[in-house]
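We just call them A, B, C, D and E in the order they show up, numbering each chain from 1.
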């Protein structure tokens, strides 16, 4: 018999590429564990379900996983998708380690079995505020897309910025999925901000960058972590994307720990190319954490594992840095970094 | 007192005055005919009476009350029922259910009573079914109760429309070209039905181009042309009225058999 | 004031695209009384085919920018028209005689099919048109800097509208199309080949939708497989706003919708702009139940 | 007689099915049930009254949000909130439908689509500061029934399908009454209906209201089942799904609509399960020492495409819907006897 | 023999409405088909025009089988129908309706001649050229329907209840016109409820009952036939 670990990720829908990466990474790590004799003398088996990036599908996917004797589940990507599945895992007493869901409230519900390997938006908001202040901007525009995550982050940043000697000259939401944002840009431009903080996702960010250049407007843009995707440059074009700043946990390429380098080597070898964004890599950290917990406790009991993850797992070397969880299940540590897009469209970690 | 009174009724469509100060009265118990050339405004007059159109001027007085401006269904419940020039049945429903639609306005139980199936609701439903069957029998469609309306022959569809109208328990029945598309034999049967409707004490107001029906069935006629009344009187008087002959009947020649 | 005019041009540019899609919607509706929910997906297909052809044929190496656009437009319109014909043949013709709503559901099914087929063929990720096909010229009009492409989009839709209007109103085939729209049986008695006429409609409508897809690809760069749904809905709204079945109405409705959205976003709220557009639509329909230019046929009883 | 027997058999099968199914499949059945309830309520408006209504999710949303707000702020038990949610949805329907009830066909269609969108956008923008914006509302209680907390799919199954039994019973009576007939009259020809003395505006509104009341009540079940609701669950597409269920199943037919829900909601899930099917086959064969590498899981990516094609095909072959309504039965013999 | 219908069966779905009828029309004739409502007269005409397909049997026109042709091809053979209920294109103008009547015409000069002839026949149509057909009075619409059919220069004109819903004076006009049209060389098949008038006009007649032809004779003979008199000419109190 095997130890089963679930993976819930978007294999279809508009986030499908992230989900594919998550699957590849978790399977790669599981293979490594199995090659080294598995866990507790058993092989690890990954069971994947598609959540399609849609809350209702996610609820069904969670229901399916819950029936398959899994010890824990890794995933998923978006906050609102994770939220739809949280209750189900909690009721079934299954550990969940989300990888891309940064919304604050996910871990404010007192769910005993919920963890996440990504940081939280209060931290991100804080870093956003500091970055903006550090660069000396005085008039700030904030734009989000009304999704759970983007609005939460925008609100967080707004609250923090209000305490600073700056002026928020614009705060509104666009509708994701459209093509033409020139009406919004025109309106924003009239408010004459020094900088725009956009907390939505990369497809809209790309279009905004492109259309603002077309308008002949040179305002700098700072993006939230959901803009960390290579497609951003594709959509905006290298010229329009150049100089774009965004926040994100560091990608493995930018870390020099042994774990990061060996993982990158293995991944590149197996799949010919680097993973698209950091979020999929964070699912790998989720897997590593649960594997470590099983190994150390010698148990697959959810309560034992949860207790271990909450209290005893300290500074485990992961793919994205050291990993520990606090009592809420959130990852501890200052993870957010600032990246900048260079003229070639590369994401360059800022010091 | 007359049952229906039209007083200087006017109806405009854009620039067209389709009904122009038409005035006449229908006595209770009569079979009253409204004739005139195509496009004279006859159907429009009917629509003004039944509330399908609102007049631009003048009044419709029914049974002592002014009814212009009321909703069609309200006018039906006051006792005016109609048939249509082009058949308007509920095609995919059975003949019985078509007639039940007429009975509808004499019933009161609503959706909640239906869900609870109150005794009153059941009794009412039964009464409505009895009424509907009676009216179907009256026009001779009793054995076709469960046939879909569009499965009936054309003539029978016309009769079904009459049965549906009768089920509203009208004081005044308005028929718009009831014999349209019927052959002479069917028309004869219709004349007989109209007579029986009259015998029930229901006043009938009808439009018809079939002169054999008009002459046999009607006690009194009004003729309109271009929205105006051009003649009024007994059938025999109308038949020889110059204006009517010129505008509507055509000159009498040996071929008059074709229409009389 | 300058801001107002800037927003007006923003709105007209978006509205031009809506109008172009709405023209196809209205054409098909006018003749078949069918709300072709798959129309938005034909638009998507147009955008993807444009990209495929662009990269496969290497047109940019041989032709000037406008040569590229014209060649592409012709090819895309042709191919999407073929899809349209097949769609009509398979999904709509068998339902021509039945309940209108059945055809609507068939159209919805076709829409789901197309959307997912595009996803399976091209993948779920965003696709991007090359950035440098058309020169990024900006034309000053009354002190506003308007990108050339926007003017072209608007111009195209106006020209298409005018051509279509002329075709429908003045030509023999156009009269036949209108006759088929009114009474197919009677049209057959005139010697009109009803299937052929409907095929023509399913060439024109989808071709217009496809060309709109191409234009969106060229202008905005980014395309994905779900984009047709929103555009389709907007175009349907536009067509209704103008009075469905009415060609100048589709144009008017499209432009108006674009402008309402832009001005709503500018002066009321960006987040509420779609709601504002719908509220305006509802208010207009309450006053004019058949849209702005729709015929007000009070049913003759 | 035989038809009754078949229904009884199917109902029994359904009733005992949770005993044989895992939580996932039971939850699929729950979803089917909820959509069937929604579609049945839409069926009054769309199927019976023939009003092109593609905005039913708006009423569903009002019910769900009413439940969520009242439950999370005042702690009122959710099942008590069911009638309140229904009432609110009904009132809302009355309010919004009144000014647009005279619109015809496609014009009504777009206006109702407008409703869903306006409602959704209002929810996203946190109207009155009580809807929680795009986050929605979380922490909604589970229902208590006779002191027992309903939590798991198996338990919800009986709540949902129990409500279904009540609904079918009541709607069946409704259909076979003066009220149900009135709706059909105005669907067939509203001028003739007016001319037969039926107040069509009134009935159109009542159809909207009853449909909305039911959708609102389903909203309660949904809110307490998910414990979190967000505007995205009530978007235009949800309305489209309900619409498709009604037309595909057979508008005006209760059994058709329920079957429609099984197909529209169940089919994509069935297709999704194909990955598991290939795994199963592989493992069976490997048991015999044969290595097969079947993988139907790619099929699950194509499942929506196949579903779309299936809808077209079903519509073509059954263009009146899968199970169109049967003509109403009247006890004519009995009445005749009484008459004579 | 210009038109020949052999053993024609027609079904609506699964229900057969025409049960194997035979009829023929010679060049230059006016032939009338009588029958009660629902006898199948319109169905017969529709099948000749190709709008319905026979389930069995054949229709030959001028030596060619036309039952296998699609409707628009039948029209090209100059078999033209003015359908029951007029079915003019309401939102098109009178002029456009007439143009559509000549949709398959190849010779523009001939079309203009025909148009002139039709305007002579129905001066009212000329007056109302630019009016929308839907706003014409019933009689005017009937004229338009017949005029539209004539635009095709038919060799055979199928008229389905041309007097339906018309005022007596117009009925006369229409019947006179039919006679005139026939005199100008057009063969006419006339379906009428107004049996008496139809028989006076026609050379020959058929009587249909529930999908079968039960009688065929000269018009005058039919007028005198007692069973026809009883069934179709009304036993009523004739003056």
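Just so we're on the same page, contacts are C-beta pairs under 8 Å (C-beta built on N, C-alpha and C of every residue); 3 or more make two chains touch, one makes a residue touch a chain.
Chain by chain, the UniProt names read as follows: B, E = ABC transporter ATP-binding protein; C, D = Branched-chain amino acid ABC transporter permease.
Everything quoted here is computed from the prediction, not taken from an experiment.
A.B. asks: Please strip out chain A, keep the others put, and tell me the connected groups that result.
C.D. replies: Excluding chain A but keeping the rest fixed, the chains that touch end up as one piece.
A.B. asks: Chains touching chain A and chain D alike, please list them.
C.D. replies: The common neighbours are C.
A.B. asks: Through how few touching steps can chain B be joined to chain E?
C.D. replies: Minimal hop count between chain B and chain E: 1.
A.B. asks: Please flag the chain sitting at the greatest distance from chain C, going by CA centroids.
C.D. replies: B
A.B. asks: Which chain pair shares more contacting C-beta pairs: A-C, or B-D?
C.D. replies: Spelling it out, more C-beta pairs touch across B-D than across the other pair.
A.B. asks: If I average the CA coordinates per chain, which chain comes out farthest from chain E?
C.D. replies: Farthest chain from chain E, going by C-alpha centroids: A.
A.B. asks: Taking the mean of the C-alpha atoms as each chain's centre, how many Å separate chain A from chain C?
C.D. replies: 37
A.B. asks: Between chain C and chain E, what is the separation of their C-alpha centroids in Å?
C.D. replies: Computed value for the inter-centroid distance: 43 Å.
A.B. asks: Centroid from C-alpha atoms only, then distance chain C to chain D, rounded to Å. What do you get?
C.D. replies: Here the centre of chain D sits 32 Å away from the centre of chain C.
A.B. asks: Multi-chain contacts in chain D: which residues touch at least two other chains?
C.D. replies: 124-125, 191, 301, 304, in rising order.
A.B. asks: Two or more other chains in contact with one residue: find those residues in chain C.
C.D. replies: 119, 269, 271, 274, 301
A.B. asks: Quick check: what residues of chain B touch more than one other chain, meaning two or more?
C.D. replies: Correct list: 52, 84.
A.B. asks: Name, in rising order, each residue of chain C that touches chain A in their complex.
C.D. replies: 3, 6-7, 10-11, 13-14, 17, 119, 123-126, 128, 131, 136, 138, 145, 147, 216, 220-222, 224, 226-227, 230, 261-262, 265-266, 269-271, 273-274
A.B. asks: If you look only at chain D, which of its residues touch chain C in the complex?
C.D. replies: Of all residues in chain D, those touching chain C are 46, 52, 99-100, 102-104, 106-107, 109-111, 113-114, 117-118, 121-122, 124-125, 191, 236, 240, 243-244, 247-248, 251, 301-302, 304-305, 307-312, 315-316, 319-321.
A.B. asks: Given the complex with chain D, which residues does chain A contribute to the contact?
C.D. replies: 11-12, 50, 55-56, 59-60, 63-64, 66-67, 80, 83-84, 87, 91, 103, 105, 109, 146-148, 151-152, 173
A.B. asks: Going by the contact rule at the top, pick out the chain D residues touching chain A in the complex.
C.D. replies: Checking each residue of chain D against chain A gives 22-24, 27-28, 31, 124-125, 133-136, 138-139, 151-153, 226-228, 230, 232-233, 269, 272, 300-301, 304.
A.B. asks: For chain C, which residues count as touching chain E in their complex?
C.D. replies: 172, 175-176, 178-179, 182-183, 185-194, 295
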